[in-house]
Amino acid sequence: MTAPPPPFAGIATFLRSPHVPRPECADVAILGVPFDASVSYRSGSRFGPRAIREQSLLLWGYNNALKVAPAEHLKIVDAGDVDVVPVDIVETHRRVAAEAAGWVGAGAAVVGLGGEHSISLPLLRACASKHGPVAVVHFDAHPDTWDYEYPGYPYSHGTPFIRAIEEKLIDTAAYVQIGIRGPTYGPSDYADALKLGCRMMTRDEVAERGIAATIAETRQLVGDRPVYITFDVDAVDPAFAPGTGTPEVGGFTSHEALQLLRGLAGLNLVGADVVEVAPAYDHAQITSILAANLVFEMLSLLAVR
Amino acid sequence: MTAPPPPFAGIATFLRSPHVPRPECADVAILGVPFDASVSYRSGSRFGPRAIREQSLLLWGYNNALKVAPAEHLKIVDAGDVDVVPVDIVETHRRVAAEAAGWVGAGAAVVGLGGEHSISLPLLRACASKHGPVAVVHFDAHPDTWDYEYPGYPYSHGTPFIRAIEEKLIDTAAYVQIGIRGPTYGPSDYADALKLGCRMMTRDEVAERGIAATIAETRQLVGDRPVYITFDVDAVDPAFAPGTGTPEVGGFTSHEALQLLRGLAGLNLVGADVVEVAPAYDHAQITSILAANLVFEMLSLLAVR
Amino acid sequence: MTAPPPPFAGIATFLRSPHVPRPECADVAILGVPFDASVSYRSGSRFGPRAIREQSLLLWGYNNALKVAPAEHLKIVDAGDVDVVPVDIVETHRRVAAEAAGWVGAGAAVVGLGGEHSISLPLLRACASKHGPVAVVHFDAHPDTWDYEYPGYPYSHGTPFIRAIEEKLIDTAAYVQIGIRGPTYGPSDYADALKLGCRMMTRDEVAERGIAATIAETRQLVGDRPVYITFDVDAVDPAFAPGTGTPEVGGFTSHEALQLLRGLAGLNLVGADVVEVAPAYDHAQITSILAANLVFEMLSLLAVR
Amino acid sequence: MTAPPPPFAGIATFLRSPHVPRPECADVAILGVPFDASVSYRSGSRFGPRAIREQSLLLWGYNNALKVAPAEHLKIVDAGDVDVVPVDIVETHRRVAAEAAGWVGAGAAVVGLGGEHSISLPLLRACASKHGPVAVVHFDAHPDTWDYEYPGYPYSHGTPFIRAIEEKLIDTAAYVQIGIRGPTYGPSDYADALKLGCRMMTRDEVAERGIAATIAETRQLVGDRPVYITFDVDAVDPAFAPGTGTPEVGGFTSHEALQLLRGLAGLNLVGADVVEVAPAYDHAQITSILAANLVFEMLSLLAVR
Amino acid sequence: MTAPPPPFAGIATFLRSPHVPRPECADVAILGVPFDASVSYRSGSRFGPRAIREQSLLLWGYNNALKVAPAEHLKIVDAGDVDVVPVDIVETHRRVAAEAAGWVGAGAAVVGLGGEHSISLPLLRACASKHGPVAVVHFDAHPDTWDYEYPGYPYSHGTPFIRAIEEKLIDTAAYVQIGIRGPTYGPSDYADALKLGCRMMTRDEVAERGIAATIAETRQLVGDRPVYITFDVDAVDPAFAPGTGTPEVGGFTSHEALQLLRGLAGLNLVGADVVEVAPAYDHAQITSILAANLVFEMLSLLAVR
Amino acid sequence: MTAPPPPFAGIATFLRSPHVPRPECADVAILGVPFDASVSYRSGSRFGPRAIREQSLLLWGYNNALKVAPAEHLKIVDAGDVDVVPVDIVETHRRVAAEAAGWVGAGAAVVGLGGEHSISLPLLRACASKHGPVAVVHFDAHPDTWDYEYPGYPYSHGTPFIRAIEEKLIDTAAYVQIGIRGPTYGPSDYADALKLGCRMMTRDEVAERGIAATIAETRQLVGDRPVYITFDVDAVDPAFAPGTGTPEVGGFTSHEALQLLRGLAGLNLVGADVVEVAPAYDHAQITSILAANLVFEMLSLLAVR
């Protein structure tokens, strides 16, 4: 056995994958989107991609739960970060979609590192450009299907999924929200999400029915559709993921999060993201470490596919 | 829908309620008590009320679990903070009781923001001045029924409930402690609490019997008595509530805390407090956010009453 | 003497001034602008206004250096925060200018609490709407006269003063930059600022010539023109002001900052701001305390006028 | 009842036990090993012993779960810290073993405070010098049975238990690992541990079978053998124990950790340690408080023996 | 040369002096007073003594500036902490005075570790019990000669020196305040201090006249009187001493603080204290390290006497 | 002008230089040495290189003080990190020297990023392998010329320069120490450094004589010799550089540090390092930002050579 360098050493790309700034043939492209301009509470997720990369070095490579070493089965590259424009969310989304589509065109599944949740919209655009409307498994405390957060502005971190549905990027027969909880403006917030066709499994429902039942229903809904997984770290409780912008108490434990993701093994995963990591509010890097692990589980899902 | 200002903007009163410094007609008065002089370990809860107010702005208004928007049913005011005297706990308690009694007299239920746990004593005095001895549901890691912490000094943050019982503010037939755990001076600490008539449900007992059974027995004990809820954030595990003075490992999760409070819906709630939030030991404001949510649940309990 | 409440108690408005959300007759309006969407490095200054307000409570009221109690000479109000739109800097600027102009129209000098430095532009618009082009004393590590930071986008936190000059809000015969230092893109960055007419006193020049000479030349340049003071906290060294977005080593001490401001006593101050306080990067609140003191000195300058 | 001094006062020895720097007759010697030179990720556990001692003052003395006050049954001394040599792990281990053996020879059970996990090796040497090969209950996220972490170097924090097995310090018929999880280099990492004879109960297995079953099987394996308990705090989730060097998400809660330890009551405990507490990464001291509690449970196990 | 143990190892007494809890013959007794109940802003200095002790281990023993190793000339003991009563400042002061007087009676100079500044009063009582009214060199941002902070309460952290003067513990012909600055309630605050006879050297005056002149005048005023030095760490700027309760910007650098203390070499020092260290607000322990150094300089002054 | 990506985006190499893991033709190689195993107080500098790289992205490229853009004149590469062995300082030094010598052989000046100060020894070995004994300008709080810190162990972070002198790597006629201060074991510590031939300019001497005189004498001593600059960040005061292992109060300001380095422009610089950055103790990244600036000044010195 040759030991890799210790995790505190070396230039930080995700899992020490080669840094490949322009699309080329690969199985997976890790793509950072350091954008946080539209968030409704604590900003700072622009530093998420860098923090997740750094902590990914702590992941030794083999997933004991899923019994797979992703990098042995997949050509993984670190595509670096999209060149965002903090003052223009529309242009930023355009660039994200373009860059992601380049990778998708080159045959890669794109795994996005956020940045705020609005970036799922252009990532879904790139994904749907190849696969058509996709199933979506959406882990979050918030439905993110508000019509707007700032009246008159369609794009922000609370609206990506209503926009994606309007743009027909999501197959709403297989759109599952998991972990929703906390106060909202009013009863219509949840009702509106349901009207869009989403299957909302609140955190309370998951607690009541259990992780296994949650997974079973999700798998059944998704079936063999191409599926996109989006994981807002605030799906997890702030005790486990303090470094985020709109923390919501009463969330999942990190163990539950891992179980939920691993339960999706075998689905036809075609794209994914982990978003809303805000390192300035993290401590001891526990949120970044968790996020890096979530990405690692996603890579494992891609590898066991 | 008109969006409220984002939570990072504006003067911080609880839930953006109007600041009303003198008692007037209201349903609920939020009253801060920035006092921490008697604590036995880490001081700092004097900054609790301000931190809880700030994080309350993150609560959008509608409680999806209890299906109620408290501010639509109740006239809620932020009464500001009592003018405490750090060097005189007796005088401080007198002022708290007087100010709270003013609000109670004006028809309001008072919800206290601590500050250390000793402030439950004067808040109970004000409550009992109207309702007579009240049932008490007391969430805590510690019984707080010591005879004294500093020999010769009857008032401190470990003694409010023995004093309240001596002053006949509590109906001991319906005094429930939930979450007690951790080392004490000796076996008599628990025994003494039991002798006072309290039904102590230790954290271990709750873990064993489950949340539902805990709620059921509590509801049965309280019945339709007027009831006061006091929530020491150290009932929750330090992972979820690090910003407190005497953290005790092995506590509740934030999800369990929410479930326990929501389980009290329908009881005749007449007063409440959330205490022992010490922001200097918090990180990413997770303790203040939790405390703000606990207060929000209490307001919801008042609204669904 | 009646002691005020201790600084840890009460609702936090600036210096406990009354919160007046709509323009009315006043001498000074403190106006928060919780906007940070265009910053080039660390976001988070949206929480600046709230943090500055909180720490202002530590200021007892009388300025021993300038021998004045601002609140005894001026009617000071806390105007709260502008309702910003994180995803639209142009609209946000429009709202800031409108709200500030309302106060200016009502006779008040506006003192802005940032938020990022781009907000000086709309504050200058409001100021110039009454006074015409104003002298500007600009404390900063960076000239903030770049043509753009994001190609094609005229408005961002590095461009407010070139835009203000283009809009003829600044009397460039009396535009002084104090504290400039650190690396830039190239030699043209300083050269461009000079071409705009600005008198740039670099941090090195101030160190060499001394505080007194810096003040003397500034006073001589400003003369009796109406003058606006803008203070980016990164003019001060990160040791004294860590809680900011683009920290630059080698800056002023807090004592030098106070001396520089006090040296402007007697000038015809008509508006001011303190910007770029990013509390998530602060510790022990030292940056917010410094910023609150800087605002207090500005109020003192207004009072001794 | 005489109240002890409050926990914020006084010189910090473990549980205020007398500081006894040279072996003498005692039941338990608390021995700090401030060594962290071989760790593979975050260094800093050299400050673990001091932090654990400090937080031990918060433990009031009586264990309500096990119904015992350890100090009433055992003569406990604080032996201070071993004089480690950061640049020589072999010599450091020699000194630890020598000092611990001195205490064992004087009749004491040694409870080590780490410091990194490599120190379990010399502590086991001292233990086995009296008891022969011992049963080991090993709580950890990582098996720590790698052949080496740095090729060619047999001793480091990932190798103590393979070395101990090679040195015949462990009775492998009763070597239980509890809580193992997370990525490793490859499938052989777990396989190698199993080949050494260890009974590995992964965190997932414990989650599935439950705490009670875990305890039952452990007790059955250990039987009445002399047993050593080693507790790496990273067995617990980083939410509960952020202050550690190689945090691994998905771990135990603090409540589960306490239950697991208490479940070992009655076993023939002859030595123990709590390791990998790295205070620079802790916040609000929650990791040190947890570690102090774990040591307290170990002392309780010794007292009820 | 025999190297001492590294500073991260061992039980933390001040400078590794023997812990001697009861007065016995010694030259210097280090006495902690973990009391913070009367402070007007941030509490937490009760943890000051422990933090200062810990960081004292980083001081290698020989003072290169004053060319003396205090422990070679003086028998220094660590007297531990006074058993304070958080809810009774008068009783706490009585205990401090009694314990300190015991040491003074045994021939020792007492050096107090705070704890809030009110503790200087009982320490001065003990000092004056032997030496009569003493000269006082008082480093601080605040005069601490208010008549009261809480109307009707004579004792608090802002009043020790008016009380000491009233009790005739201070020889007001040689009472020097150094470093005073910042806002106060009004002009009378400074005027009142001057009326008491104090020579107030504001921070601005020291900046203008220089360190050497400050020292010269102080030495001249003190002459050969027995002198007590009290050092509130907020005399130093919050950049250098963030871990304190009422930080005041514009203060001394740590280098100036050292120079000022060393300038007092040769005076007839009979007692001293360093107060207002609040570790919860410190970072990287820089305030505690500074405070430990200040105590070390005081010991050096005693040694070169 | 084409704007570079914002500093929060992209893979972090020093100044966005290409990552070149094996020696090839270049002018400067930035070489990280993430090693901290021998430090005498706080460990953690193993994370220094990564943190410095990250903050280097905030440096826009042009040095306004020295009027040079280093990357326009020099081919700068980021050589990544040496593969260190935490448990073997001798082998680690061997690897550092070998890797650095490879770069030196390829014509590059090596600038090391620490890591602890012991790494200057192998970096000097590589430097001297080409240039023979070199002049050394050594910024530090500590002389680091102890014979040993751990009796019997010649290599550790307090001994690199005595070893380098013994190995004849340093031309002791031009060995300058700048910034020395703080307590030591005894008077011999300074005396021993002087006996080795070093010109020690203590921090106090620099304060007295001024920066200009310090520079002048240093330049005169170095003359046109090949010179190595080693900068231990603890030369700077902990207020400006809290993130370090053995902080020493009373140090330089960041402005003084910049001035001192810039004063060396024109010397024949052949190698350099910045060491002892310990990010776990940093806050708001101010130490890393300072260190990145110090490296940038060194690159500028190389460019103006």
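All chains are identified by letter, namely A, B, C, D, E and F, in their written order; residue positions are counted from 1 within each chain.
Basically, a contact is a pair of C-beta atoms (placed from the backbone, for glycine too) under 8 Å apart; a residue touches a chain by one contact, two chains touch by 3 or more.
Nothing here was measured: the structure is a model prediction, and the numbers come from that model.
Colleague: Which chains are shared contacts of chain D and chain F?
Modeller: Per touch definition, common to chain D and chain F: A, E.
Colleague: From chain B, which chain is the farthest off, judged by mean CA positions?
Modeller: F
Colleague: If more than half of the interface residue numbers appear on both sides, call it same; otherwise different. Which is it for chain D and chain E?
Modeller: Looking at both copies, the contact residues mostly coincide.
Colleague: The A-D interface: which of D-F, B-E or A-B repeats it, judged by over half of the contact pairs being the same residue numbers?
Modeller: A-B
Colleague: Rotation angle, chain A onto chain B: superpose the C-alpha atoms of these two copies and give the value as a multiple of 5 degrees.
Modeller: With C-alpha atoms aligned, the rotation comes to 120 degrees.
Colleague: Could you please state the distance in Å, as a whole number, between where the Cα atoms of chain A are centred and where those of chain E are centred?
Modeller: 54
Colleague: Chain A to chain C: how many Å between their CA centres?
Modeller: 39
Colleague: Between chain C and chain E, what is the separation of their C-alpha centroids in Å?
Modeller: Spacing between the chain centres: roughly 37 Å.
Colleague: Specify, in ascending order, the residues of chain B that touch 2 or more different other chains.
Modeller: 6, 8, 40, 42, 46-47, 86, 150, 237, 239-240, 253, 281, 283
Colleague: Write out all the pairs of touching chains, ordered by chain label.
Modeller: Touching chain pairs, listed by label, come out as A-B, A-C, A-D, A-F, B-C, B-D, B-E, C-E, C-F, D-E, D-F, E-F.
Colleague: Which residues of chain C touch chain F in the complex?
Modeller: 40-42, 147-151, 181-190, 202-204, 207, 237-240, 242-243, 246-247, 249-251, 253, 281-283
Colleague: Per the contact definition, I'd like the list of chain F residues that touch chain C in the complex.
Modeller: Counting only chain F, the residues touching chain C are 1-4, 6-8, 58-65, 67, 69, 237, 239-240, 253-255, 258, 283-286, 289-290, 293, 296.
Colleague: With touch defined as at the start, can you tell me which chain B residues reach chain E in the complex?
Modeller: Chain B reaches chain E through residues 36-40, 42-44, 46-47, 85-89, 150, 153, 155-156, 280-281.
Colleague: Show me the residue ranges of chain B that touch chain C in the complex, using the header's touch definition.
Modeller: Touching chain C: residues 5-6, 8-13, 19, 32, 34, 46-47, 49-50, 53-54, 78, 80-84, 86 of chain B.
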